[in-house]
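Alright, structures below, take your time with them.
Shared between the two complexes below is subunit A, which pairs with subunit B and subunit C, respectively.
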Partner chain A sequence: MSNIRHVRGFDLAKPLSIGVMIAIMLPLVLLPLASIFIFGTSNGLDNFWKALMAPEAIFALKLSIVTSFWATVFNVIFGLFAAYVLSKYNFWGRNAIIVTISLPTAIPTAVAGFALLLLWGPYGLLGRLIEPHGVHIMFTAWAIILANIFVTFPLAFGVIKPVFDTMNQSLEEASATMGATRWQTFWHVTLPGLRGAIVTGALLTFARAIGEFGSTILVSGNLASRTQTAPLYIFAKFNEGQVEAANAIAIVLALFSFVIFSILFFARDWLEVD
Partner chain B sequence: MLKKLSILLTTAILLSACLPSPPDRSASKTITVYGFSIMKEALEKDIYPAFKAKWKSEHNEDIEFVSSFAGSETVTNQILQGAPADIAILSIERDADRLVQGNAANANWHSLPANGIVNKTPFIILVRAGNPKGIHDFADLGKPGIKIIHPDPASSGGAQWSILAIYGSQLKKSEAESGNKDTVRATNTLKAIWKNVISSPGSAREARTQFELGQGDALITYELEGLMMKQAGAQIEMIVPPATILSEHPAVLIDRNVTDAKRPVVEAFLNYLWSDEAQQAFVKNHFRSATNDSFNDANKEFAQIQQPFTAEYFGGWGKAYPEIIDAIFLKQVQAK
Partner chain C sequence: MQYNPEEIHVTPMDMGGSAMSVIGLSKSFGDTPVLENINFGVDEDEIVVLLGASGSGKTTILRIIAGLEMPDSGHVVLHGRDVTESPARQRGTGVIFQNYALFPKMTVEANIGYGLRLRRRKRNEIRETVDRLVELVELQDHRTKYPSQLSGGQQQRVAIARAMAYEPEVLLFDEPFGALDAQIRQSLRKEIRALLKKLNVPSVFITHDQEEAFELADRLAVLNAGRLEQMGTPFEVYTRPETEHVATFLGAANLLDGTIRDGKFEHQDVVLELSPDNPKCREGDKVKLVFRPEDVFLRRPENLTQQYHQLATGTVDEVGFAGSYERVTVTLDLGKHKPIVVTRPKTETAAFPLRVGQSVTAGLVRYRVIKAA
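What follows is the complex of A and B.
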């Protein structure tokens, strides 16, 4: 950070630019968020607490956390593996795979939802084969996890891969010449260099999965206390006209992402210092 | 470094392991009901608890209800795609027939009491308190400068009833004036009204929420919605058009999903919907009974309608959907 002053005396540019930045953020991000908090607590904290403690609301939050967690575990492990393979080896079709992994970013989440239905639904390509055996995937928690995996697929990979690419190859080579196995090299040399990227990738994936709506509403069945995630609960309550109930959970999700991104911000430093 | 990473990961895993996994949905004595948007209160507040108590006293067995509510077309599509419903309560007969065609429901749902219709309610217009835009009939909604919230007929059964209400009211009016059903006039009224629609949400309930949050001058919806809003103290007025439709809501058993073990209780619940007890519970929740008009007469809040009609006026849903919703609304009014 440089503190060189371009003008003598009081530097007007600093407060001015900070002010402009906040003024732009105010109507676009800060006020919409603030209105959730103001509306959610306008009927008193008692009502807010009651809305939050409704069994259906608690279930929805838990279901969101569990399904997002498993999607994150899968996508971080897969992202790490795919980044390893794709930066280590050059093969025919490599670029096609990199592009394919990134595709879910641009696909509307509703498309992700019905793509899963077309595959696993009772009339789907694979669903048709498993349904007679009593195996149901759509309209269960598995469907929610699959949808979360699909929409967050590129996130962890996208964070980990560039770190892999810029990693100092000579360290790994040195490790290999010193007689380390591939696995030892990976565990003791490669992985420590990736810890920041792994945590960032995991938190981004988790945060994105917990807010997922478009695909979940199509594949989950949206049954209260069964397959209704927190975002679906918000939508259902809003549609039923119970705006306070919707707001209470919206506040929880907003606070949740605040915590996640704060961890992201501070964990990076904490992990870098040894 | 790696230690820190593993601390983070272990904490995350431990935290997550503490959470319960979602319960198994195939528990034998659970009845899963998918309903169109406005069914929620009547079922959850009165019908479910009453049936639970009845079943408990007769069979000494606890049952659980699980339900999901959305626009009628949405609910139907979910079930066709495999959603685990045991019973569907729909806004329109067309959706019951779609479930039959999709081999999800039993074709003989009409053989249930009252032709398979559990309850009904007329279509009315909600306006802001004091009726500042001077709306007294459907045709007034086509005047310039009126902002209307109208659910989307692609996902909402209520939206389709509303279209039939507008169209039919104009046919009735022209019939009274000249003895002929003036379809051109009815189509033009639909066109004028649709031009004023500023938002088309996915269900009748969603449309009501938007209206409640202050959007729009008018909302065409079920009488029940207006009565519920009035009860909650909303600053609105209910306008009852001289001629309007009574929507009739079928309940169907989703044969494909009901296991043999569960069938007796699911069928008992389905039949219970037509019992006097359930019909009176519907009336208490502002629906009109499908089986007994004296229940309806007892409820003084229900509006008197001068010229009520039903889908029969158009020759039933088998004609109303292709000839009015599809050929006139979708192809002429919406597509322009």
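What follows is the complex of A and C.
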């Protein structure tokens, strides 16, 4: 950024441009966020707290956290593995796989849910084979995890892969000449270099998964206190006219995102992903 | 696997090699040969420098010794053990990479101790070794720092300490001074040579810098386009080059085409006797006369004394100041020929100042004949 000043003394451009930026953000982002907080607490903090402590609400939050957690664990481990394979080896179809991994971001989430139903549902390709044995995937917490995995699939991979690609190959060679097996090299040399990318990828995945709605509503069954995640709970309460109950959870989800993105921003030196 | 010398055909030459030797290494990338029948050895406590331009194959040789690359044919023998088929981690070589390749998330201590931790040595033993090495490379004040907090020279010392911790069979240096600026390079070279001499580790350096090669090497090997053209002490290789490439790559050299007649070098009127240490030449062989700029003496045409071998008369083209000496180019009266380069020390320039256009006669104190390619 250039810091050349063209004007002596007071430079109007600075307050003006900042003002315009905030004015644009106000109706688009800032006010919608603010209204959640305003409506959620308009009847007093007591009512807000009561809405939050409703058993159904707590269950929904817990379910969201747990399903998002497992989806994150899976996608980070898979993303790491896929990045390793795709950075290390060149093979026929490699580019096709890279494109395919990135696809889920561009597919409407409702389509993702629909696709999972077609696969795992009672009449689905695989569902048909397992349902007779009493194994049910759809309309359980497993379905929510599968949906979360699908929609957040490329996020961790997308953060880890470029770091892998730019990693100095001579580090691994040095480790090998010093007597390390491939696994020891990966554990002691490669993995520590990916620490920042792994944490960043995990936070992004979790943030995206915990807010997922479109695919979850199709595959979960949306049963209160059984398969209802926090976003589904918000939607259900809103439809029932209980805006306060909906808002209470919305505030919690908004705070989650706020914390996650604050970590990503303020810890970026530690995370080494700039 | 035990190395059986009878199974392998070794080019008969004095290669040394009680600690490490490569025998008949060849390798191509696709159709392009990068190495052709490379043979040399390193003795215990010896420093060998592989000198060559980029693309000469020197890096490939180093990587093959370390086990990071496979040769198409040939063997790598470490202390009598044929390791050609062993993976890098089982060879026990110590490699100092060009960019040092220090592990960025490990402290200096952790970097140095890594090889020992991999070998599951006792914690006490690791600590003692690390202490000793940290002291040896004088990084006591930096032992808990991370590589990014160190200067280039300090990083290099960590790289050396790290490679020495597990007592490697041979130390391999991949252009280790490439990333440093000129002044530091020179002092580090001296430091490292002294260090290696103290430790008695067989070492192989690769470099494209002839000054560096002269300063570091006990023996040096000159590589050209995948072939090892000559190997010997720096003095031998400089004073008795065997090929045109060796002559011109190591310092400046003047070349003059000629033929062997009556056992002498002949080029038009120039006739020079051959001393016995020249390569064997037959009558009528096409050869080249090689002489260094510092071995030419310029005199007034009538003044050349008996102590010099008369070359030819000529005219001064250029007189240039080059710091501690003067650099003169002279066109000899030999028809079409590239001007020769002469360097003259201060004592000479004071006794016999030259100006452009002046007629001189050139005499040689030392020269050599090589076979024309």
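In the analysis below, the second predicted complex is superposed on the first by the 252 of 274 C-alpha atoms of A that agree within 3 Å, B and C clash if a C-alpha of one lies under 4 Å from a C-alpha of the other, contacts with A are read in each partner's own complex, and residues count from 1 in each chain.
Heads up, the rule we're going with is that a contact is a pair of C-beta atoms (placed from the backbone, for glycine too) under 8 Å apart; a residue touches a chain by one contact, two chains touch by 3 or more.
All of these numbers come straight from a predicted model, not from anything done at the bench.
When both complexes are superposed on subunit A, subunit B and subunit C end up sitting side by side without clashing.
Seen from the C-alpha centre of subunit A, the directions to the centres of subunit B and subunit C diverge by 160°, a value given as a multiple of 10 for the model superposed on chain A. After overlaying the two complexes on the shared chain, residue contacts for A:R195 are found with subunit B and with subunit C alike. Of the two partner chains placed by the overlay, neither subunit B nor subunit C lies in contact with A:A34. By the touch criterion stated above, A:N168 is placed in contact with subunit C alone, subunit B being left untouched.
In the superposition on chain A, A:A224 makes contact with subunit B only, while subunit C stays out of contact range. Residue contacts after overlaying the shared chain place A:A267 against subunit B, while subunit C stays out of touching range. Contact with subunit B, but none with subunit C, is seen for A:F69 once the two complexes are overlaid on the shared chain. By the touch criterion stated above, A:M178 is placed in contact with subunit C alone, subunit B being left untouched. Shared-chain residue A:L26: touches no atom of subunit B or subunit C.
For subunit A, the partner with contacts to more residues, out of subunit B and subunit C, is B.
Closest approach of subunit B to subunit C, taken over C-alpha atoms in the A-based superposition, is 6 Å. In the three-chain superposition model, subunit A touches both subunit B and subunit C at residues 192, 195. On the side of subunit A, the complex with subunit B involves touching residues 59, 62-63, 65-66, 69, 117, 121-123, 127, 131, 136, 138-141, 187, 191-192, 195, 198-199, 202, 221-228, 236, 238-241, 243, 267, 270-271, 274. For subunit B in complex with subunit A, the touching residues are 1-2, 4-5, 8, 12, 16, 19-23, 25, 32, 37, 40, 66-70, 78, 81-84, 201-203, 205-206, 208-209, 212-213. For subunit C in complex with subunit A, the residues that touch the partner chain are 66-68, 87-95, 97-99, 101, 103-106, 114-115, 118-119, 162-163, 166.
Those residues of subunit A whose C-beta lies close enough to touch subunit C in the complex are 168, 170-171, 173-181, 184, 188-189, 192-193, 195.
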